[in-house]
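Read from first to last, the chains carry the letters A, B and C; within each, the first residue is number 1.
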Amino acid sequence: MSSPDGTAPPDRPDGTAAEEAEPKIEDLVHEDAGPTPQFGGLAAEHADHDAAQQPAEVMTESGVEAAGTTTATETGGKLELGPVGHLGDRLFGGLARGSGGLVVLIVAFVGIFLLALAIPALIDDKSNFLFSRIWEPGGDQPRFGIAALFYTTVISSIIAMLIAVPIAIGVALFVTYYAPKRLAAPVAHAVDLLAAVPSIIYGLWGILFFAPILRPVINGLSTALGWIPLFEKPPGDNVGVVFTASVVLAIMILPVVTAISREIFAQTPITHREGALALGATRWEMIRLSVLPYGRSGVVSASMLGLGRALGETVAVLIILSVPNGNDPWNSSIFAGGETFASKIANNAAEFDSPEKTGAYIAAGLVLFVVTFLVNSAARIIVDRSTPGTKRPRRNRRAGAAEGASA
Amino acid sequence: MTAIAENKPAYDGKVLDLTGKSGARAFKNTLATVLIVLAFAVAMIPLVWILFTVVSKGYHLLLSADWWSQSQRGITVRRAGGGAYHAIMGTLIMALITAVIAVPIAILGAIYLVEYGKGTRAAKVVSFMIDILTGVPSIVAALFVYAVWITVFGFNRVGFAVSLSLVLLMLPVVLRSTEEMLKLVPDELREASYALGVPKWKTILKVVVPTAFGGIITGVMLGLARVMGETAPLLILVGYSKNINLNPFSGFQGALPTMINQDRTELALPNAADRVWAAALTLILLVLALNLLARLIARFSAIKSK
Amino acid sequence: MAKRIEVSGLNVYYGDFKAVEDVSMTVEPRSVTAFIGPSGCGKSTFLRTLNRMHEVIPGARVEGKVMLDQQDLYATGIDPVAVRRVVGMVFQRPNPFPTMSIFDNVASGLKLNGVKDRKKLTEVVESSLKGANLWNEVKDRLDKPGAGLSGGQQQRLCIARAIAVEPEVILMDEPCSALDPISTLAIEDLIEKLKDRFTVVIVTHNMQQAARVSDQTAFFNLAATGKPGRLIEMAPTKQIFSNPAEKATEDYITGRFG
């Protein structure tokens, strides 16, 4: 193999003529495609034999060279039309398929394993697993139920969502339609930064700095609304209450909900927005007429994803929530302490000494798994049903079909 | 200009009010603006507050060389001194092992979904399973590994077990982001390559993946950032050790989140509090560095996501 | 209704880039004025300054005056929202609000202005849809989504939406460029009808269309790429198409352009 200027790459692996031409062909492809792609693999390949050269230069060289080689092969004799690279295809395709299969296996394995360990514990359970509030998994007569855990998990997450979603919508609108252009990107990044703070730090900050600030709020709310069991003022001066955990959870899910809402609001077609503005809509009316209806399903699914995050959050909740004393009566107030699925499991890792006890916690984990899965599926279904731009909402599609048929 | 207006009087004589101060609408508009700006301000408060707290309380320990080179060996709760080397190394080693296991599976899985399985029933099943995996709370992932690694196989609590559970959390993140990036590679590029007689696997390896490379790396970085801050698996699957232990297969191992957790109940003691906030700041810096790196790579990568 | 627009010495900038330079013209009420010219010559940009829609694009600003009868649209104290209320606009692509029914689409402008009376709304929706030559096609499915209509029907729905608020002027930015020939004809018929009540300004790439529908025609052109667009010539349509004053206009309409 020789090229006109003698700059043939020295360390090309040997192979058939067709294969030799292959790696260089991509260079041509890249040239066609313009300046966009980064050639991670190729750059490395060239670096092997041609260090310190500018990639572009190298590419042109090997491009020319490739053309030369191809011509040589074609004029040299009859064409090679046999199978090319089938072994590679089979191997690589197999690897890719295998990885896909592995994912399925892993999930199936997780599910089966958790079930297999939970079931014996559930059979031994002497009280009602779903409706009992007692948690005494050890001993000869294990009695445990998830009602209290379920209640605290769900109520804290829902309150977190109720707090986070309106703020997230506000921030998303601020970034997309209110902030001056120069401010919008830094603000968006700043909110994303909230997602980079590890949850244990939220927990520490929440209990040490935020909870004292919230105490007057809690006192006020429980005094005003104390006649509702949900807001009842419990005995003692608990700092680590469900409400505090909820507010911290709200801060934690804010970046997720904001990021998704932001994306979807920004995608509102300019034609919709101009349609509203041309009617003499104010900025807010433009948002109400075009942006919010367009982004509604996206915001709903973002909220669900946020809810899913809140349900499974462990350490922040673990640090903030004070575990009620075993002798105290159970309290449904959000101004009392409590335990969620995740905080219960993490709190009692030391108890995993017998399979029976572990099984009880695994059963609780399984319920958490199922609940988060249902919430996440709901989010996905909402997205799939009406992804803006790709599909019209259902009723519109039906109307469109009817129109088409009548025309 | 006034000359024009004088030459040609109003067509219908009617004068319009264009000052637009129609009470209720203008009020609603202003109210909405105020609320939206307020929402933004409210969202900024915790961010600034948390960062300020952690930085102001944690920065001074980070300035000493000991922090980056010493462990906490022999340092009791009340005493000052020592560093976070053991915890930083523990966090990095566990993250590295996680990445080594999760990233190839994730990238190959994404290639399967986009390049091989597109539209098939099998791909839908895989996609569904990834959705399930995405929703797995970290505590459940940790429980699962506990059940397999310790309850069934009877192994000890070690750093590698933590990595295994983190794989479950990182895998779907990287897989989904890779999938999105691969989808963004225009079909014209693939077709151009096929038209030149390049087999499919080489097209994927040399054209598709390099084009999406920046985005894939961004996904990996973000996945790593998420996994590094996880605490729950550490609590369950490995004990905290104040000593340097670089072997993830034996013995307890320190990590930044558990180092924070270790002393968090002793915050009344000034030295313990210093350590907690310094470890927190170190962890934030690590996660932030990965995030920034991801952003930088994304900015210079071939395909923009939007 | 229907007002005269007088523009004098108008420059339009996008940031530092001057997109349109020194345009002065008078648009007569109850007539159709067409803007023609090659792509990028600034005719759409100029059209958008007539109801301050260009302000949607960050960094866009104007110098000069746009008078709606005796009122300067750019004087201090003038609210662009109020301007758009009296100078309506129809866009290149039909843009009915996708989540609203046909009825709500037409009524949206009135509802914004606080009209709640159902009877009044029903009346206006009917008269607007009739005015947009759409009533007979949609009267049985007013509660169906507007997005379910064909492209041509959607565009007429947008026109109905624009005229429902009884504006003085209707601006149309290439309203037929996304439509098939039959729908285009329907819109052109409608434009003919609209000029009995409104001042109509239409931007079009289609010279036959300009010749068919307009009374006055304004030809815009750029001196060169990167230079701002300018108004070359404005005259009664007949004259522009039979005996233009400028060589550039003649070249453009006879297809010898460029």
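The definition used in the following text is that a contact is a pair of C-beta atoms (placed from the backbone, for glycine too) under 8 Å apart; a residue touches a chain by one contact, two chains touch by 3 or more.
Predicted, not measured: the structure shown is a model, and the values here were computed from it.
Contact with both chain B and chain C is made by A. Among the other chains, B has the CA centre that is most remote from the centre of chain C. The interface with the greater number of C-beta contacts, when A-B is set against A-C, is A-B. If you average the CA atoms of chain B and of chain C, the two centres end up 48 Å from each other.
Rounded to whole angstrom, the centroid-to-centroid distance between chain A and chain B, based on C-alpha atoms, equals 10 Å. Distance between chain centres (mean CA atoms), chain A to chain C: 45 Å.
For chain A, residues that reach two or more other chains under the stated contact definition are 282, 285.
With touch defined as above, residues shared between interfaces to two or more other chains in chain C number as follows: 81-83, 85-86, 112-113.
Residue positions 25 of chain B each touch two or more of the other chains. Every residue of chain C that touches chain B in the complex is listed here, in rising order: 1-4, 6, 8-9, 26, 29, 65, 67-73, 77-83, 85-86, 112-114, 168. Taken in their complex, chain C has these residues touching chain A: 51, 53, 56, 58, 81-86, 88-91, 93, 95-100, 108-109, 112-113, 141, 144-145, 147-150, 158, 161-162, 165.
Residues of chain B touching chain A in their complex: 25-26, 28-29, 31-33, 35-40, 42-44, 46-47, 49-51, 53-54, 104-106, 108-109, 111-113, 115-117, 122-123, 125-126, 129-141, 143-144, 146-148, 150-152, 168, 171, 175, 188-189, 192-193, 196-202, 204-207, 209-211, 213-214, 225, 228-232, 235-236, 257, 260-261, 264, 267, 276, 280, 283-284, 287-288, 291, 295, 300-303, 306. Residues 181, 269-282, 285, 289-290, 293-294, 296, 392-393, 395-396, 398-400, 402-403, 407 of chain A touch chain C in their complex.
Those residues of chain A that touch chain B in the shared complex are 18, 21-23, 25-26, 28-30, 32-33, 36-42, 84-86, 88-89, 91-93, 95-104, 106-108, 110, 113-114, 117, 166-171, 173-175, 178-179, 187, 189-194, 196-202, 204-205, 208-210, 251, 254, 258, 263, 282-285, 287, 308, 311-315, 319, 341-342, 345-346, 349, 352, 355, 358, 361-362, 365-366, 368-369, 372-373, 375-377, 380.
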